[in-house]
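Okay, so subunit A shows up in both of these, paired with subunit B first and subunit C after.
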Partner chain A sequence: MQKHNQKEHLYKLLVIGDLGVGKTSIIKRYVHQNFSPHYRATIGVDFALKVLSWDAETVVRLQLWDIAGQERFGNMTRVYYREAMGAFIVFDVTRPATFEAVTKWKEDLDSKLVLPNGKPVPTVLLANKCDQGIDVLMNNGIKMDQFCKENGFVGWFETSAKEDININEASRCLVKHIIASESDPVQSIEPDIIKPHLNSSKAVSCSACFKS
Partner chain B sequence: VKRYIRKGIPNEHRAVIWMIVSGAQTNMEQNSGYYHRLLEGEKNDKLVEAIKTDMNRTFPDNVKFRKTADPCLQHMLYNVLVAYGHHNKEVGYCQGMNFIAGYLILITKSEEESFWLLDALIGRILPDYYSPAMLGLKTDQEVLGELVKMKVPAVAELMERHGVMWTLVVSRWFICLFIDILPVETVLRIWDCLFYEGSKIIFRVALTLIKQHQAFILEATNFPDICDKFKQITKGTLVTECHSFMQKIFRDPGSLSMATINKLRETCRDKVLSQG
Partner chain C sequence: SLIKPGSKPPTTPVKLKKVSTFQEFESNTSDAWDLGDDDDELLAIAAENLNTEVVMETAHKVIQNHSKLQEQHKFQEEHLQEENQVESAELTSVVCGDNRLVKSVSEGHTSSSSDNASENSSMQRSQSLPQTFTPPLASGMADYNTSVTPALTEREASRLDKFKQLLAGPNTDLEELRKLSWSGIPKRVRPIAWKLLSGYLPANVDRRESTLQRKRKEYFAFVEQYYDSRNDENHQDTYRQIHIDIPRMSPEVLRLQPKVTEIFERILFIWAIRHPASGYVQGINDLVTPFFVVFICEYIEEEEVENFDVSNLPEEVLQNIEADSYWCMSKLLDGIQDNYTFAQPGIQKKVKMLEELVSRIDEQVHRHLDQHEVKYLQFAFRWMNNLLMREVPLRCTIRLWDTYQ
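Let's look at the complex of A and B:
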């Protein structure tokens, strides 16, 4: 039944991060509700579509771009990033180097892509493979909250594609921020955006997205 | 010899013929012991780490590539890639090479021969696809775009209208040389020609896939649709019947001289470079 005033949003989302952190697995879990330990390395880029009934009036179509993690493919990412509305940056909690690369991915993203209002695209950080029990950094959540604020993430989640943990939640968090950023063009004329070093008090995410 | 190779090398002779026509045999004989010295030498940790990450992600469905297999092709694959990364430091390791080396190991069943065949492909037969700048890859994607403009203009027009960059739909064709895109037997037949006739064959295959499915591709009405169509056209009877497919690739795209390709490569390379 076609509702008269139903709104439809189409968002392109990027899924990026170092190689082998589980980007493809997260997307397959989210879109196809399954998991295999036998996914092959992604070459170039792959796509998947997910349709969400956001609320009674809104349908959200997500176009998920699964981008190969090896640095040299990054040469082509400017093309892939174009017109994206949000991003997940993924790391593997069992491999510290993949967390260290997170800021590099975020900087790369922000340097290649800004929203029409000049702001960075909403980005959620995913600490994947949390089922492995080898947490290299989760000594406490507060540090991660701090890390996210300092680096401009709108939220973070411990995820497991294998055990289906927090992937839907992370996606809802990201979509919520995208919708908010879309309906808030006024922000672009607020004065503090020309002083980005002061933005930590203002560019705050909804705290509901942070784990307590 | 060309006709014989285009008709397909019998599998039991494949390794030998590939080795001879590619020059890998000569290189191996002139550099006796080199491969083993590479494996014994000092290793670059970062390179080794990247290769290790892909070990369980190379042909995971093939039991011969499981960690526990005997003989352990995964271990052979690891050695070939590590040796190659230290031999060709400029390229190091690029994802995609794992699949190519895997096929070479399946055919030759020899690490050393696979190493020299990989060197023939990456060092001589293919343009610079795998180095960090991937300039040869970006160039050849553009070259394909130009060839499609000439030979299948309606598809080129569709791509342009919807803003679909060629790299989005064909980068895997070039990087993986059709592995996991076309059926195994078809890939091997293509490689027979690749080793003997060179990289031009890749354009012939790509153009045939596009031309044969022109009407199907043109049904697409939006961006994701187009991407999906390009996944579909690598399936079906056209590609599973590898004998008739091989005949088609030499007939369908029409004439395709190396001079044309070289000229296009030159102009496209300049274009890619100017885009930064």
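Let's look at the complex of A and C:
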């Protein structure tokens, strides 16, 4: 039964990253609780919906936009990014090139999309396929924290769609930041002064987020 | 002519009949997929008018069904949590049911997760598909096969004769063949008709065999020349993308045969490096499938197609199929290359055309989409990029391509 004073949020979330890193698999795991190695290449965009009981008063509906990873489709991303509230950028820990592409995706995202208050959308980095045991980058968590800080990610997670590792956690982290960013005041006219402060406070909440 | 129900070209000289039930409407329209329809009949189908109340009633039923499924999904989920031990088939059915809630109708029936589709979802699907389409979803080969009827009707036989006469030459009149093919090509002559219409084979009968020999040789010379370079630095990106996509292509019966996936990888790699302006773009892999399947049916007894195994075919036959598929796919892509070049202008244009078309023939739908800020690119991109391969069963794609050629 719906409570009388229940709040409902609808957030559009983007899932982006290079081809074959597991974007579709992550979404299928998150929304349908299953896994297949045979999801076909996403063409254009696919959609999924996940409903979260956030707390006693809040229901969060996540509209997940599963965006094709191939470079040729890059021209279409502007149409797909519109009015998103948050994003996951995914790479495949077994393929270093997909990690190198992460900054490219982040730049593409930030150049085409900002929140109504002028800030970039909260973005969480997902190091997927961590079940494969080929840990090319992950040995150094501090380095990753640093990378996130420098590139404006609000957090990062090692995930596995196959083994169902950390996907719920990553999503909660992102939603938490979205809710926080919604209550943020509109950005001041002098962003240069305010930004460093905001960034550092974000970084703190980020590490708290993935330690919990 | 692709816009089926409800759309009536104002110029059609066919009397409009009011249809009172959805079933009636459906039974009238499903013929569009069958082989051997006359153009007049197709026009009559296009002119069928379904009244708004029926549409609304049906839409209402779909929504009700939806909610029921959702409830059921919830229940099953709870059930799962309680039991903790689940049979995989059960799990898959849950997934399928939900799949349909969040994704387009079209996505469900070819996705690999629907292999063990539940009664519910397959029942629901069959409503949106042609009536003749009943077999296990997911496996495109299977549904392709069921369209085969061993005994031809008189009308089918006479159509087949018409095709045979045209094909016999000495010079096939391609315009006449194209006209005849518009309403479907009989299965037995489809391989040769496609090869002729695509421009792969010459109209002159005497030159056909030598052309085939020459082109097949030429293709394998490309393979010889280029395929070893797939791991070179400047080509490995292309190859890797193909190599990621092919093991996850559909239908399953193709994907599961290593010999077939090797063939697809070779065809796509050779095409990609010979067409650097576009290179390999996801979705092009789907365009090999209809050719491959149609050409393979030339060599496989009809009963066997459902579980066909290419390893039963002689190596030489398989090579011929590979080369022919490559060339016909190349011919097809020659005509739509701007679908796959930078910024994909061909697709942008086609999606715009669709938008224009919908705004003219069904303004209500167009306004509805607009009001909800749904962009045509968000849902129609894949239709154009994959030439509907993901949206309709393989059997229907093959039938559609009779008309495209």
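Following the convention adopted for this analysis, the second predicted complex is superposed on the first by the 188 of 212 C-alpha atoms of A that agree within 3 Å, B and C clash if a C-alpha of one lies under 4 Å from a C-alpha of the other, contacts with A are read in each partner's own complex, and residues count from 1 in each chain.
As a convention for this text, contacts are C-beta pairs under 8 Å (C-beta built on N, C-alpha and C of every residue); 3 or more make two chains touch, one makes a residue touch a chain.
Please read these numbers as outputs of a predicted model, since none were measured by experiment.
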Problem set entry | Clash or fit, subunit B versus subunit C on superposed subunit A | clash
Exercise. Who does A:41 touch here: subunit B (first), subunit C (second), both, or neither?
Worked result: both
For this session: Based on the superposed arrangement, let me know which partner A:30 touches: subunit B (first), subunit C (second), both, or neither?
Result: neither
For this session: State whether A:68 touches subunit B only (first), subunit C only (second), both chains, or neither.
Result: both
Exercise. Is A:76 touching the first partner subunit B, the second partner subunit C, both, or neither of them?
Worked result: both
Exercise. Can you pull the subunit A residues that subunit B and subunit C both touch?
Worked result: 19-20, 37-41, 43-45, 47, 49, 68, 70, 72-73, 75-76, 79-80
Seminar exercise, completed: The answer for subunit A against subunit B in the complex is residues 19-20, 37-41, 43-45, 47, 49, 63, 68, 70-73, 75-76, 79-80, 97
Seminar exercise, completed: Within their complex, subunit A touches subunit C through residues 19-20, 28, 31-34, 36-41, 43-49, 68, 70, 72-73, 75-76, 79-80
For this session: Using the touch definition up top, name the residues of subunit C that touch subunit A in the complex.
Result: 77, 91-92, 94-95, 98-99, 101-103, 107, 111-113, 241, 244-245, 247-250, 252, 255, 278-279, 281-283, 285, 340, 342-344, 375, 377-379, 381-382, 385-386, 390
For this session: In the complex, go through subunit B and note every residue touching subunit A.
Result: 49-50, 53-54, 56-61, 94-96, 98-99, 130-134, 138, 165, 167-168, 171-172, 175-176, 180, 224, 227
